[in-house]
Amino acid sequence: MKIGYTLSLFREYLANYIKTKMTYRADFWVEVVSDLMFSAMNLVFIFVVFQHTPSLGDWSQAEVVFVYGYFMIPYGIFGAFVNLWNFSERYIVKGEMDRVLTRPAGSLSQVLLENVDPPSLIGSLVGLGIMGAAWARLGLPLDWYDPLVLIVMVAGSVLIYMGIYIALAAISFYSDAPTGIVPLMFNIQNYGRYPIQIYNKGIRFLLTWVLPFAFVGVYPAAFFLERHHHLLMAWLTPVMGAIFAAIGLAVWNHGVKRYRGAGS
Amino acid sequence: MISAYVDFIRIRFLTMLAYRVNYYSGIVIYAINIGAYYFMWKAIYGDAEQLGGFTAGQMTTYVAVSWMARAFYFNNLDREISNDIRDGSVAVQMTRPYSYIMVKMMQGFGEGLFRLLLFMAPGMVVVTLIFPIELPTDPVLWMIFLVMIWFSFLINSQINVMTGLFAFFVENNEGLMRMKRVTVDLLSGVVVPIAFFPGWASEVLKWLPFQAITYLPGSVFTGRIAGSAVWEALLVQAAWFVALIAPIALMWRAARKRLFVQGG
Amino acid sequence: MLAIEVERLRKQFKVQKNREGLKGALLDLFKREYTEVTAVKDISFRIPQGEICGYIGENGAGKSTTIKMLTGILVPTSGKILVNGYVPYKDRETFVQGIGVVFGQRSQLWWDIGVIESFRLLRKVYRVDERDFKRRLDELVETLQLGDLLNRPVRKLSLGQRMRCELVAALLHNPSILFLDEPTIGLDIVVKTEIREFLKRLNREHGTTILLTTHDLQDIEALCSRVIMLDDGNIIYDGSLEELKSRWSKGREVQFQFSDPVSLQALSALTAGQGVRWTKENEMTAKVWIPREMNVSDVLSRVVGAMEISDIKIFETNTDEIVREIYRTGGSEKTAEAENGEALPAMAGADSRD
């Protein structure tokens, strides 16, 4: 019932999004291009680096590119549905949260719906393409269950991202000043896409358990790479996804409670 | 008049101090960034002595110093300006007896100064203790480096101002701002030193203003550029600073005209 | 039946203290100090269904905090609230279905697209049936004359047009209580009057209970049968506007323009025993102060019979002055001595927020 209602709202918000974008058509394309350029920049980094070295850890260029392609899929989906970069500024400082709280729908779903950003999904498609190309290049076998596993892994990765960024956005409920943590975090998420063993223990621990960006990159992608197959870490992806989504939700709900001044 | 501008620096400095969460998380995140890149470059170097003209030691220093410089020159002037334009407060600013762009630059400087003193200085000490960084011993070099990151700040802010002013001419410049962020990070040399790019690419990049933001000061600091070449690098920065004044002035004039004609 | 019931409602906030200067700011970075501020101090009131109630007070008196508690945005520190039979902060999502909220300084409409699109979306959010929605929208569009605005994006609307659209947005789901926070702020007189007329009609035809905060006392005079006045988190007056006027009004003044020069003695002699007070403005003009409980006509009849008069003006103390006076004296006791037109801080700060 509740999910059906939220989904029906999603359609409406999406329609409004499309109408808004139609008024700014040129901008829409700039946005798509800049998203792709962002990915291109990371690929350029990989290509430039591999001009100077045959391997990173013991990972080849195609393998690193494969991980990057995987990363783009959950990242694009996440970007389409969780677009909270402006949350603190728009909802807390400018006070739009008050309006959200006078509406008969969940506060998080309203905030997420008001900011849907579908062009981000183009990145997912490009990522799928890159992954496919690297797959062929590496001559990996394609088992019947691979697409299903990919869906589960991507879902887990998306949930991890959602959990982390929702929790980060919710920090604005606690701090009375606008927070600039989210853009800073932007850099950290990149590190989960490189072979985890190149880092020292501290950073490895951080990327695995604290800010588990490695589960949005190297761990789940390695499932498909025979040479780096690590079943346990790969299958932890959906588990971590569930845990972090729950954490994100809990932090959000607690934050809203605090915003409304109910205990603290 | 000057004292009014100085006051803008002071106020922004104090404002930054008020954002406690940002401050603490900023230190941690910058440390993680430097750490992650350190290990990544270590893996890239493997057993190699020298890549792209950088020794492994120089590379470590380059990574640390370019992130620290980024802390100083980075600001969100583009977003601030385009917000001012979109909500119309720029018209109010124009009625005040100061130059709007100067005020914005001053505010950016206040922010940079805050990060220089409270992020960069303590951060540099910590990073020097953890990682094998080779700091130059020549005090003259330190002075030159300070002048160079001052130019980094100016050039980066000029690019931000231009990006922000685009909000006068397009309805929504969100995409443009994203594109700028990506471009600056990739082409300025924070992520990969320009010497690592293939020959033709680094040749092209030498003719763009971005390398003056990170690559030149980083190279001077690590001693990759020495002797009279240092003065050349400084000259390149100064030239870009002067060259970028003209387009900003033109854009500002056109913007004012547009504002008068359309009434905001 | 009661629309709103509030008992011993209290709200406290922890406010961060900012120490002065660079040294203070550096200290704040490491250790913060907080002070507790009580914005609303144990207030109680009841508003029956179908009433239009004005909620007034100076900036920072606690108006917005109260409204936010009544609409379920904030949770009170202590006390009891019942709105529409619900405890607002508990079943928030069910509760808000029955209320409409307009914040005068914030928009609830999509900035870039036609107004009608925002309305359609709100229809979905509030789960309004398509037929009801159409009927309701037609009615609102007609009364507020929005016909040709519906397809325009909000950013192309004037403030007055936008405010009318905000009202529609808050009323599409036919709420039984409407909360308005500064609904006429920044609007010109024509639009203000239109909005007042509309609210009156809404109240008359649908029995909608309306609670509004405002700095414009003309809103109150035009709309409200009841006024609640807040000062520093306490209710200092709760009752009808008429009673407010009669309790605090300092009487009336009548200015006479005579055809010939007059003397104060002569005038005082005319009204001997009536308890009025004369003042002379110039040779041929004099003013008489008449206490509230006395009829103006009693005084007039004595003067008109005895002197030749070229002009008469009657001054009623207006609500603005009364309210200013109440704030000045803290509201508890009334001072008959107070003079009009003293340099008092103006009530309305159009650009400042609560």
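Think of it as A, B and C in the order they're written, each chain with its own count starting at 1.
The rule is short, and it goes like this: a contact is a pair of C-beta atoms (placed from the backbone, for glycine too) under 8 Å apart; a residue touches a chain by one contact, two chains touch by 3 or more.
What you are looking at is a predicted structure, and each value in this text was computed from that prediction instead of being measured.
Both subunit B and subunit C are touched by A.
Of the two chain pairs examined here, A-C and A-B, it is A-B that is joined by more C-beta pairs in contact. Compared with subunit B, the chain whose C-alpha mean position is the greatest distance off is C. In this assembly, the C-alpha centroid of subunit B lies 51 Å from the C-alpha centroid of subunit C.
The geometric centre of subunit A is 48 Å away from that of subunit C, both derived from CA atoms. Subunit A and subunit B have Cα centroids separated by 27 Å. Residue positions 18, 20 of subunit B each touch two or more of the other chains. Subunit A has residues 23-24 in contact with two or more other chains. Shared contact sites, meaning residues of subunit C that touch two or more other chains, are absent.
Listed in rising order, the residues of subunit A touching subunit C in the complex are 5, 8-9, 12-13, 15-16, 19-20, 23-24, 94-96, 98-99, 101-106, 110, 176, 257, 260-262, 264. On the subunit B side of its complex with subunit A, the touching residues are 18-22, 25-26, 29-30, 32-33, 35-36, 39-40, 42-46, 48, 51-52, 170-176, 178-179, 182-183, 185-186, 191-192, 196-198. Taken together, the subunit C residues at the contact with subunit A in this complex read 11, 13-14, 16, 68, 71-77, 89, 92-94, 96-97, 99, 101, 103, 106, 108, 110, 112-114, 117-118, 120-121, 124-127, 153.
Within the complex, the subunit C residues that touch subunit B are 18, 22, 25-26, 28-29, 32.
By the touch rule above, subunit B contacts subunit C in their complex via residues 13-14, 17-18, 20, 23.
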